[in-house]
Amino acid sequence: MKFTNRRVQISESADIHPSAKIGDGTIIYDNVKIGANTIVANDCIIGEPTNDYYRNDEYKQPNTVIGSDGLIRSHNIIYAGAEIGNNISTGHHAIVRENSKIGNHCSIGTYTELQGDCEIGNYCRFQSNVSVGQLSRIGDYVFIYPFTVLTNDLTPPSEIYCGSQIGSYTQIASSCVILGNAKIGQHCLIAANSTVGGLFEDDSFIHGSPAVYKGKLSKMPFFNQEGKRHYPWPQNFDRGMPWNKSELKTPKGPSQ
Amino acid sequence: MKFTNRRVQISESADIHPSAKIGDGTIIYDNVKIGANTIVANDCIIGEPTNDYYRNDEYKQPNTVIGSDGLIRSHNIIYAGAEIGNNISTGHHAIVRENSKIGNHCSIGTYTELQGDCEIGNYCRFQSNVSVGQLSRIGDYVFIYPFTVLTNDLTPPSEIYCGSQIGSYTQIASSCVILGNAKIGQHCLIAANSTVGGLFEDDSFIHGSPAVYKGKLSKMPFFNQEGKRHYPWPQNFDRGMPWNKSELKTPKGPSQ
Amino acid sequence: MKFTNRRVQISESADIHPSAKIGDGTIIYDNVKIGANTIVANDCIIGEPTNDYYRNDEYKQPNTVIGSDGLIRSHNIIYAGAEIGNNISTGHHAIVRENSKIGNHCSIGTYTELQGDCEIGNYCRFQSNVSVGQLSRIGDYVFIYPFTVLTNDLTPPSEIYCGSQIGSYTQIASSCVILGNAKIGQHCLIAANSTVGGLFEDDSFIHGSPAVYKGKLSKMPFFNQEGKRHYPWPQNFDRGMPWNKSELKTPKGPSQ
């Protein structure tokens, strides 16, 4: 009953693959391209124009791209100029601002906002209520948990934005603040409620407010139910990932 | 002017009590039951299907139940399989995921998300911006304040979820992280911005990151305006509660 | 393609300036006044009635005012009784509850909620995901960053609300909890992830959980790219502000 083409508004310049489905009440602006088999649920806005649209008669709408096989749930707002890869999955009320570049197989949770001008790799998962500031650079397989914010202004307010860099496989637990000067290596774990700035090497366990290095994550006493070390996590988790944990021959882990 | 039956879509298999009101733009899917006098405001989705609906032709829609005398404000999304008692009250943009079981007289604030597979007692209040992870177990009269998250994965990412347990009458202040292994007794207070794991007995005042036991809450120097101890709080607060604070003969408090 | 007057519902008692634009799907209730050149985007609710509307036949709708030259983005909900000045700018899904008084040139970010009965000056900026509790009093040029909450109940739950007071030019970084008894002076900076109660003088740098005074902000080693002290910030930042930083003759700073 959802795809009844009621109240759908699609610009004539939009390029929607015939196999894509668009939910009721969704608005698709100019210069939007949506790939094969992607579903956009109800009451979304795709290609939301930036400020200039409302006040500047010479506004030009940039291209907005969503790849194939995605599922965009209801009430999402994807701004003009966003580029999203294949197999995207979103929660409700998610927002992707202009000039965000998002790889393939990512998920963006309910109420999560990517504030634009950020680059995100493949297979990243943003859970609900994550806020990613402008200029953030995020690798592959990075998971970020609720109420965590990546900020970008060390002396607020300033006009000197700097975005944090998060290495592949790194996990950022709930309610962390990542400061704009943070440069986090690969395969790190940032404990919940930490406030993190500065440089951290690969395989760091990071904790506190301000956060400090607590040791090599792969040596920390985090064990799975079989008594095996949990980190590096790819050996213990593969749901939705492009590997089979029991068949990993070369372990995906930090360089030794 | 709200209930004009514009753009309302109601499945033929939905069982809506004749005294219930459904706001404009609201969608009600299959197998939803809504009780007497309940109001669902505009642009809500009741019985939102899970992932399988979009991709699996054999999807079967589970039952979704909302009791009587409720007020569901605009832009709420209640998933298929949720069971909500009587006298529910919600803010805007709230989300209740599949298989959540919620008792009577609860309130769910604006932007709050119950992520599913959780059990919640009666007279609980989730303020705005609360995130309740899967498998959480919450007693009666539990109040949770903004930006607090109940998590469920101790070694992210893993496939071993564990949900926290929160005893009746316990208050969790703003911006806390409750870890999946937390088991909090009754009549506790968790101070703002705490990070809480492990076991805490009834009547604990819990504080810090990581949180520690600071003493019996009922002995802590929290006083009301008349110089009387505030905790256990039922003796000082009864708005919306099923007792009259001035008539409490047997004080509702922790067992001595 | 946005202002097609589809599905717009406007009460006959609303006073909408002819130059204002109202987006598709927006509902405007009784006794709403909207000023010249203001744009209300799609799917907003302006003049959302309070609880009584639903249950009390004698409900009277208070006046709701939005000034001129504003931009209210999609899915905002402005309650009846709110008074908003000129040049307001909002993100998506923002909520302003009843009896909020907001000055001119303010911005309210995506998912941000002003919970009502609060007073906010001019040129304030609430970024995304800010929660402002009832009874908060906020001066001019105050910026508040994501996941920060201003609370109002020192002994939850109680019936004794007290709202915090935030002096002009003060900056509250991400993920802070401001307690209801906080009275913060002008030109202060509260560091990210702090928990703040009590009194702080003008020009304080405030940090920690619980937060403490770390020294005069204007003496702290925060420098801009030219090696000049960043605080007081008006000398280094003027985007959208009613001054030109290079022409400031009398520096806007804390009283010496």
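Think of it as A, B and C in the order they're written, each chain with its own count starting at 1.
We take it that a contact is a pair of C-beta atoms (placed from the backbone, for glycine too) under 8 Å apart; a residue touches a chain by one contact, two chains touch by 3 or more.
Keep in mind that this is a model prediction, so the values were computed, not measured.
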Checklist entry - What angle, rounded to the nearest 5°, describes the rotation that places the Cα atoms of subunit B on subunit C? => result 120
Checklist outcome for this item: Comparing which residue numbers subunit A and subunit B contribute to their contact, where sharing over half means same and under half means different, the two sides are different
Checklist entry - Once you find the CA centre of subunit A and the CA centre of subunit B, what distance in Å lies between them? => result 27
Checklist outcome for this item: Two or more other chains are touched by the subunit A residues 7, 25, 43, 75, 93, 111, 129, 147, 175, 193, 209
Item to check | List of subunit B residues in touch with subunit C within their complex | outcome: 1-2, 4, 6-7, 24-25, 39, 42-43, 71, 74-75, 92-93, 110-111, 125, 128-129, 143, 145-147, 171, 173-175, 189, 192-193, 209, 222, 224-225, 230-231, 233, 236-237, 239
Checklist outcome for this item: Residue set of subunit B touching subunit A in the complex reads 7, 9, 11, 25, 27, 29-30, 43, 45, 48, 51, 54, 75, 77, 93, 95, 111, 113, 115, 129, 131, 147, 149, 151, 154-160, 175, 177, 179, 193, 195, 209
